[in-house]
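Take a look at the structure below.
Think of it as A, B, C and D in the order they're written, each chain with its own count starting at 1.
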């Protein structure tokens, strides 16, 4: 059967999803996850005498998702019109007789699918948090390395006053840190099992329900929920919103690279591997493809978050319309987010910074970007707003007449008692460095301190640059 | 490689996409479509002397999407970092030497992908319009059959006044007709080729460009555009919005069935095939699964439309972020829409109507739903607003005291000079039939008249490749 | 000047915004807030020698938003084309000469508007958290009062198995508790000042910047940010998403009331004040208007959240397109959320529960809703899936033939060795009470425990200005 | 009462809504519109004997929205909890006794509000179409004036090949033309009255219903609908989507100006009126504020369109949740769209084009942007893909080594037999002019031809009340 979603394209999918995640979320991976949940359910039930122990053993040891006949499951699914009846039928056929009737016992579909979703979302929160933390490490280094690298600050896409690259990166850094902290909270909140039965009462498990539920959750490394959440989807929705926040930041960084990579600006460049083709019609092209794809992935995740938010309104004890929408957005949201975090790491790891061009771009503004500094110096003599009016008038006139800012402002400066030497001093872009660098230092110090308090699961395993 | 989008699930995908559409939009189908476009391009170029005729012949006859090595294409795509360079490399390897260099000649990626999108979208507009038109035919029959089938009209989910099932269906019918008319316009508008070259100038084709473009379009049954639309995505976005409108109507119908299928109401029922399992925990369940899935699909399409609309803001002559987002939403939008139309047809085709229950539900309201009729009769005696106040007071009091409406209103009626026989007459729900049936007749007459003017491509059954 | 947004309607606005919030977010309220921020700025600057102390005093004491000439501000705003230049001009005219030039000194527009937004959002997080906590208190009482009130659990809008009203409310309760906890985190995160200057360097404040910023923040009961956030909007976006989560839950509750208020169901009723008119055409109508409005407000907030999320992608050091979109969604999001929380409180406070009807609706299902219980009893004799098949067959056949469930299942039960007395016992809806009530107890215990740990600002009633 | 939506700000609202539209959509304007509808209803009813003629006369002549006591209406609205009962009460008090009871007779709220919405939306479609058509006229002139103005085509924000400004404008032009055509269709479709009564049957009007409805519609310059559309909102939703399409195009144009106004590029500049302040901190700033605001307005409209699309799913015969959401988005969508069209006209009217800078920016690319032309020339000698590889290698190497393109490609050109003179010729950006200008001519010819067929209401200047 062909795959038509771009996420599943053999040719283009690598830009949309890490392949290991695609495996995990695909039919076999999903079934493997469900079987793991069902094995834990059987074990918990056996421990509490709900089903025989040997049935639980057989359920755990017999079923192998990689060997199941997907076509048979598909046929049985369509014949029953039920989302898991087909799987149950095929699995029963594989199980020894003693276990057959205790497979998927006393549980509703959502008990299995929601619990699996919690595991997936929990793991993704962990993976994304770890990758963001590694990215944070890189941003810490970069922000510090460039704490005094002067460049244009731009507002409304127009040169404003100088800033430093380090401060720009410190803004990203602080945002990434907040996302890490959000993900710590989200991971905690989403990692809950579901074992609620048909309508939430767990009636099928009788008085053993609470104990079975706790053990079931524990076996899977999850918490037991304080209440059934068949129709309370706030946790997964919060996860989707957090993904949208995370990918939003990455898209912002991507767009910044894309805009500053314009050769007319040329301050940042996404370094492409050798052999990369930018265009089949224009052979010279070197495109910020990774940076742009960050924008694309963020849009996808945002659309998922919108759909997720609508799903807060579940009707009664199960709402097929709202619930099944999750079957769509949850995997796609996970894939796009994971792909974005990985891609952002690559883009930032391979970012070329052209420090000289940054300085040259400031110089090309012919002094105007120092208008605030001059205004503030004049303000000491004449007041802020009067100084603004004076500098404004001089700057507008100077730009009209093609003067540089020094020439434009000199008469005003002289009139207001600012001598030429002082004026020259005020026109040096490096004047902003102490303030900007202090801003960098404040941000990095804050991030380092909070980073030091990260929980072990976040700092252990996986890539994690030392602070 | 596994497929992780629900659209591509071997087990669940049948509820999300017609399989033939999935084939068409999947890797091989998409490549087959692109090759068809490239063959037309080569042929048009050959006819205008841009490339040799035998090269065009070879391009058209040699390449077979079903035989291409997808893995090789995938590897070459990743190595080049370019969306089609890998395909070009593999295809060149298959072509005879004389044709090799004339494959994908003078065209940019979007020339091929956009033209293919136009074909897909055009064909989908046709297919959806045809299926909607067939559904319209069924709704015409049903609306007429039930033009006098009295049932509760409900506002704010509360019984209002009686209406007829025919009139409810006539509202859907008129909406479907408007969608058909929209799709006629959309089909016309979207069916345009793209042949603009790298930045829209068609410079690569020189002076032959307009003629080649026209012939290229003609060969594919498309119109030539009035201008390049590399960055003017309004047509596909309009298509997405239209899909959202169409699936919105179908979701409305689905929700109506779902709500009226509640056994507490029991007026409409989605007839399930024998063997359908509603629940693995509650064996008695019969769920309106199709109706609910219509709601789900509409949400997906709406999310696609949101993402599509954002794409109107393209930057410069190609914007990777906006453009690549289409690679995501366009196939998913098409699949969900096609699935929804097909599913709606099934749901409506297998809809059980319980006429007696409709009447019983009215009777269970104990006369209150005739409050407007009585109020209007009293209005003739006392004025509308005074009558409203009187009936309101009596109805509130009657409901409080557990009276039926006749008992509640009788003193007021008597006081205002409405005799008992007249009151009885006014309490008959059938009183609304003439007005409601007239409404049905107006709607069906309008739809029949407009339907008669439908273009041949819509009424015929064959494929729609000739304009 | 007329007001055209529904939020500002004199006639309808009360359903969309609490009036005190409208005042606060309107022109005068917003200016009052900005002036308060500017007064704090002046005081912090004076304390650090940036401006004279008497200027700061004059700024704090002279300007009175309620007395400013809005028309003059409007004219000056339009003349300058700048969002705050008009306000500055008018305020300067009011200030004594010694203070005039130190008003709005060394700050950029966003320093003031962002800091004000933080205060507004922080206060709203507090207000919403408090109202939700009060609602939580009410839900605790209701859930406990109805822990054993048996009612139908419904899935896919079809009767499933019985549950209790208490358990349904416990699900809402747990969701509200999680929202309270989210708001605690959000309040902490959003309550940060902005004092970053033109492009984020705070260069205008020189070496005093960090100290001025800290004092400025402290005076306003805010934290100083770890980095400028002119272009890092994640905090307000997270706030918007949290609002969407909160209103989503309230809309769910509203929809539940709306659906269960149908007279065909009649289990819950939104009690309207006397004199409430449901319809001007159908005098008997009593509509769940509050419940429906909860759904409407949630849609508005969701649209705001979508727009908010897009704003994560800011360009460079200020992005007018993304930034100004906040000027739209932030007030509307705040108003709709505040209105929803208040309305939900009213709806739930005035909710009529018809316990007898709940039981009658179960009985009307003629035993079928106990199919799971019977199936599980049979499962002990024959296995779960075999029992499912047997009960499924009997239930389908019984419903087809119009039998009640006891009659339908009796032959099967007998064949499988379930005696009649046991069957009768299994058909009692009250069987689910122990499990459901245990679920309620688990939820309320969890909520009570966490509630006991709420911070003082949340449990107190006074204003929340001190950190 | 204060106004808190940015649309209603006395200070900032002028950027968000044309003031005349704000008046029309505000409380008094809306009531005036409703009264106009109610007067037409009364007149139609009088002509068909439903109410006395003198009552109709009094209704038409007595009520004056500008004199109604809004506070009294507000109080009565809140007391009744009904959206129009308060208005009815106050109006009844103003009417002579003979008319009092025939005011708002036999109509439901939606009959009036929907009919008014149709008029508003129809008028807005007309106004927007007219302004777009005027903009189209300006774009025609500009595209033609700049048909040969060579500038960089940019893809992925990187210089690609040259194009002309005229062609860029021709793309906008064609898009605007399609919007005009969409608006012609939308205007036709939306201009329908509603007169359906409580649940759609028009039962309150009895057998006179169809005739009254037709006359009612005719009096208002509307068509009678083929069916009640109380719950069929596709027309207004389509309008919202069309607004999103229109504002999307305008936002695209705005972003293009914003990006090209960067002084590093400097090709287009939004000319600000004298006295415009770009920044209160950086006096030299000249911002593309109008261009940015176009982006903001498009986001607002897109959010409205999302909310609109969700409203397609109405429940039963009236759905308060979906319906009331229109009360929010419809006015805001109208205002933002109208503001955007007006603003875009201003921006484009005051657009400075720096033709020399366009050429200089090409030259600064040192020949690389002619890589396609050279590649195609080499392709004639060696084949397209081989030529691509050769030019790619030379271009990558040349850029690495800091060579200009001529130096980089010369050895390859020589090796493949392209002589130096021919190479020089191929490097001239003007080579693209014939193709680009032909593209402009094709577009303008198409637009001119279609424009000539525009209906009179679109080309005339008067009000559009006659159908």
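As a convention for this text, a residue touches a chain if its C-beta (ideal position, glycine included) is under 8 Å from a C-beta of that chain, and two chains touch if they have at least 3 such contacts.
From a predicted model like this one, the values you see are computed outputs, not experimental measurements.
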Subject >> Joint neighbours of subunit B and subunit A, given as chain labels >> reply: C, D
Original post:
Out of B-C and B-D, which chain pair has the most contact pairs?
Top reply: B-D
**OP:** Let me have the rounded angstrom distance from the C-alpha centre of subunit B over to the C-alpha centre of subunit C, please.
**Re:** 33
Subject >> Gap in Å, rounded to a whole number, between the CA centres of subunit D and subunit B >> reply: 24
Original post:
Going by the touch rule set out above, which residues of subunit D reach two or more other chains?
Top reply: 88, 104, 106, 154-157, 160-161, 197-198, 204, 251, 255, 258-259, 277-282, 287-289, 292, 295, 302, 306, 310, 319-320, 372
Original post:
Of all residues in subunit D, which touch subunit C in the complex?
Top reply: 1-14, 16-17, 19, 21-29, 70-71, 73-74, 77-88, 104, 106-109, 197-198, 204, 251, 254-255, 258, 272-273, 275-282, 287-289, 292-293, 295-296, 299-300, 302-304, 306-307, 310, 319-322, 324-325, 327-329, 331-332, 335
**OP:** Enumerate the contact residues on subunit B facing subunit C in the complex.
**Re:** 154-161, 258-259, 261-265, 277-289, 292, 306, 310, 361, 364-365, 368-369, 371-372, 375, 388, 391-392, 395-396, 399, 405
**OP:** Enumerate the contact residues on subunit B facing subunit D in the complex.
**Re:** 88, 92, 100-106, 153-157, 160-164, 167-168, 170-175, 177-179, 182, 185, 189, 197-207, 209-210, 225-232, 234-235, 237-238, 241, 244-245, 248-249, 251-252, 255-256, 259, 295, 298, 302, 305-306, 309-310, 312-320, 372-373, 376, 379, 382-386, 431-432, 434-436, 438-439, 442-443, 446-447
